[in-house]
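Which chain is which? They are A, B, C and D, in the order written, and residues in each are numbered from 1.
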Amino acid sequence: MATLIEQSSILIIAIPLLIAFLTPLIGMASKKARNTVVIVGLAFVAFLVFALARDVILNGIHIYTLGATSSSLTIPEGTMIPVRIILEVDGVSVFMGIVVAIVALVAVVYSLSAMKEETGQNRFYTLLLLLIAGTFGMVFTGDLFNLFVFLEIASISGAALIAFKIRFADSQEGGFKYIVVSAIASLMVLFAISLLYAQYNLLNMGALAAAMQYTMLDRIALVILIAAFAMKLGGVPMHMWLSDTYSVAPASITVLLITASQASMYALMRICFILYGVTLDLAVVGWIIIAIGILSMFVGVTMAVRQTDITRLIAYNCVCEAGFMLIGLGVGLAVLGDRTALSTYGTTAISGAFFHMINHALFEGLLFLVAGAIFYRIGTRDINRMGGLGHTMKLTAVFFLLGALASSGLPPFNGFASKILIYESVYQFNPILTIIGILVSIITLAVFVKAFFSAFTGALLPKYADIKEVPKTMIAAMTIFAVIIIIFGLFPGLIVDWIVRPATDALVDQASYINAIMGAIP
Amino acid sequence: MSKIVRTVANQLMLFVLVFGIYVIMHGHVTPGGGFQGGAVIASGIVMLIVAFGSGHIKNSLRERRLSVVESSGALLFIVVAFAGIGTVFFYNFLVGSRIFGGIPPTGSNPGDVWTGGVIPLMNLGVGLKVIAGLSAAVLALALFSSGEEME
Amino acid sequence: MRQFFAWLFLIVLMVFLVIGGFEMVHPFGEPPSTMDQYIIDNTQQEAGSNNVVGAVVFDYRGFDTLGEATVLFAAVTGVLLVLRAGKKKEET
Amino acid sequence: MAEILIGNFPLVAAVVLMGIGLYILIFRRNLIKIVMGITILSSSVNLFLVTLGYRTGGIAPIYTDAPEGPMVLPVVQALTLTNIVIAVATSALILSLVIRIYRHTGSLDSKKSRRMKG
């Protein structure tokens, strides 16, 4: 068991890759064997993630040097800097890992019946696994260039999956937009990495953080990195692609794309808090991120009001919710240098953002799965052409209501628990931000109530009279999300103590991240 | 294409193959490696597609087989990486052993193929992957734009 | 108007990059090289390879290459997925 | 100024290529040209990376029959190799999507073939 945990950080990335390479071969022989291998493999990966999370939270940062004579040998003899690629797993990484592991399992379970009728399933599952492996790689790696490579894996497999439904022209357009945006963003990331490499001849994040001088070139690199990752996570003004791609992708893929976006947000935090840290001009950078957050909230919620397409509505709500996380993180970043402010409300704001991140993945995931279920049965996404679906698809209606209430931040659901953390801490930083947040939440509620009433209540339309509830595995997938939402809503304190608080502590503790790589060298 | 082009392409393919395999298998001694050699051979296959037409090539290069070759190349790569997990993932466990285990003298030397540890094996895996992958992609694009479709 | 702002953005970005890049990047031909010099000096013992770039690609940064091979694999799979012949007739 | 430009000629070339790539991405609406823009942008980053690793009078970092002289930095060359392969993969995928879009809409103009707005 100890060896398994020691190797687990690489196994979590390598096992999905291995299964992805095997899937085309197994799939030729038997569909059932392929589905079993995918599910069992991902369940094993999820188990490893939880075991690793427990170990990291109890024993501190986990280091894995690839290709060295020993996995803890970060710095080879005869030099003072790390040479090889190092996986560095701290509280933030395992937090993101838990999010990805839960969502990945649910997405695969949902796909089993949702994709039954489609052609090209072998390739679908291959790319699904690659997307999951890419996201895991992004959150576990401690090397900047490695981050870029995994970003590319996630974007390319994501784009191909968005275009999966080839009979609709919209899907191809969505895939095209996603890949163009991702390609530009990742080239910007690479350019920024090369600027950093040019000065320090390093690629490891911990070593770079230790060597960081915050010169003019570093500032340029920081601006480019923030722009690129904000583009990838769909922050306004670079949000145009998000609604077009999320609305046309198969529902299980959209859920994974949300986690891929959150991995970009993780990378943004990693760069601001760990790579640059207190050398940063904190207030300015913090306010830039807060500004992106406020804009995202406003634009997301106002655009959501206008939508008649149910998936586009949820996609704009995603933009809006991402704004909440950005505000929480921005406030945390703005007070990072100020110890008293950090301990009174800074860490609470970051905790709120983290908690909202996992909640966001859960309730937006649930909403997208519900929208996918409706599309699966009636073949349209237009709210105005739906009506009375609650009579026949009772469970789906309940799940939609659950997701909508959680997203609007009503007690006792999980969205309330995380939003209240953000509200109360941000209020001490700047009260206006809290007022904006509450306002946006109210409008969100109005949007969802309208959508719910026109889609699920009212008289049952005659053309939908013989609509049945969706297949069992789809219901099972939605139930998993719903149960976790309710548990998180009822016991928020436990979740915050177990996984959110360690993540927050790891994020503000730049010194131990550097020490894990550089050892005793100051 | 005309008969001259097809005959010349047929003859040239042999040299392309030999050169590509040379580049792949000497990747640890001379400039080159799996990606470069794979691209050389894949461009040879593109030459055949241009000369004979994609419909003709489709009959001999079936998509299924290309998929199998591509997957096995990728699997060879990741399995060699996994094989080092007794020490650390990606550990070069073959240096100093019987297989490709030679250690070249320090500094400038004439070069020896029997060196490099796992590097030649990984080059081979990547080479197979790139050959099959690039030809499959080009073939699919060519077939699709000429109106036919892959299986 | 949009054109004007786009041009402005482009020009400002270029000036920014040129000034920032030329003034700050190390002088051409004399890069800082602690990590790279270590690799150049130790490749032959550690990886047993004469080709230093090959050793970096497959040994020191082998994980990147695994990712790179995966990117290619994903792209080829994606091309074949997008260009597959759907069984159902297209209905747009 | 002139000395800086001549001394850093490869950097100038990289920035010019980057400008061309961004110009295409911002102002051109043809989908194929967008693919070309991304490829040019990627080439500019590759050129920049390789330039960073150059040492005056350096030789290729390969010990087989190596002449005397300092070796240029190998890591950037490996990074460039990775990025080249990634660029190939990206453009292959984008081109296949463009072919599909062309089949569906009969146009390569991004304004005409665009269906989703807002």
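As a convention for this text, a contact is a pair of C-beta atoms (placed from the backbone, for glycine too) under 8 Å apart; a residue touches a chain by one contact, two chains touch by 3 or more.
The structure displayed is predicted, hence computed values, not measured ones.
Asker: For chain B, which other chain has the most distant CA centre?
Answerer: A
Asker: Using mean CA coordinates as chain centres, what's the chain B-chain C distance in Å?
Answerer: 21
Asker: Hey, how far is the Cα centre of chain A from the one of chain C, in Å?
Answerer: 24
Asker: Where the CA atoms of chain A average out and where those of chain D average out, how many Å apart are those spots?
Answerer: Each chain's C-alpha centroid was found; their separation is 29 Å.
Asker: Using the average of all C-alpha atoms in each chain as its centre, how far is it in Å between chain C and chain D?
Answerer: 9
Asker: Give me the residues of chain D that touch two or more other chains.
Answerer: Within chain D, the residues that touch at least two other chains are 18, 52, 62-64, 73, 75-76, 79, 81-82, 85-86, 88-90, 92-93, 96-97, 99-100, 104.
Asker: Would you give the residues of chain B that are in contact with at least 2 other chains, written as numbers and ranges?
Answerer: 29-31, 67, 70, 74, 78, 81, 89-90, 92, 104, 109, 111, 134, 137, 140-141, 144
Asker: Touching two or more other chains, which residues of chain A qualify?
Answerer: 17, 21, 24, 66-67, 145, 149, 152, 156, 159-160, 163, 166, 169, 172, 175, 198, 201, 203
Asker: Taking the touch definition from the header, please name the shape of the chain graph: line, ring, star, complete or other.
Answerer: Chain contacts: complete, every pair touches.
Asker: Once bound in the complex, which stretches of chain C touch chain B?
Answerer: Contacts found on chain C: 44-51, 53-55, 57-59, 62-63, 65-66, 69-70, 72-73, 75-76, 79-80, 83-85.
Asker: Which positions of chain D touch chain A when the two form their complex?
Answerer: Touch residues, chain D against chain A: 18, 25, 31, 34, 38, 41-42, 45, 48-49, 52, 73, 75-76, 79, 82-83, 86, 89-90, 93-94, 97-98, 100-101, 104-105, 113-116, 118.
Asker: Under the definition above, what is the set of chain B residues touching chain C in their complex?
Answerer: Going by the criterion above, the answer is residues 27-33, 63, 67, 70, 74, 77-78, 81, 89-90, 92, 95-96, 100-106, 109, 111-112, 115-119, 122-123, 126, 129-130, 133-134, 136-137, 140-141, 143-144, 149-151.
Asker: So in the complex, the part of chain C that touches chain D is made up of which residues?
Answerer: 3, 6, 9-10, 13-14, 17-18, 21-22, 25, 27-31, 33, 35-36, 39-40, 43-44, 50-53, 55-57, 60-61, 64-65, 67-68, 71-72, 74-76, 78-79, 82-83, 92
Asker: Show which residues of chain A lie in contact with chain D when the two form their complex.
Answerer: My answer: residues 145, 149, 152, 156, 159-160, 163, 166, 169-170, 172-176, 179-180, 183-184, 186-187, 190-191, 194, 197-198, 201, 203, 243-244, 247-248, 303, 306.
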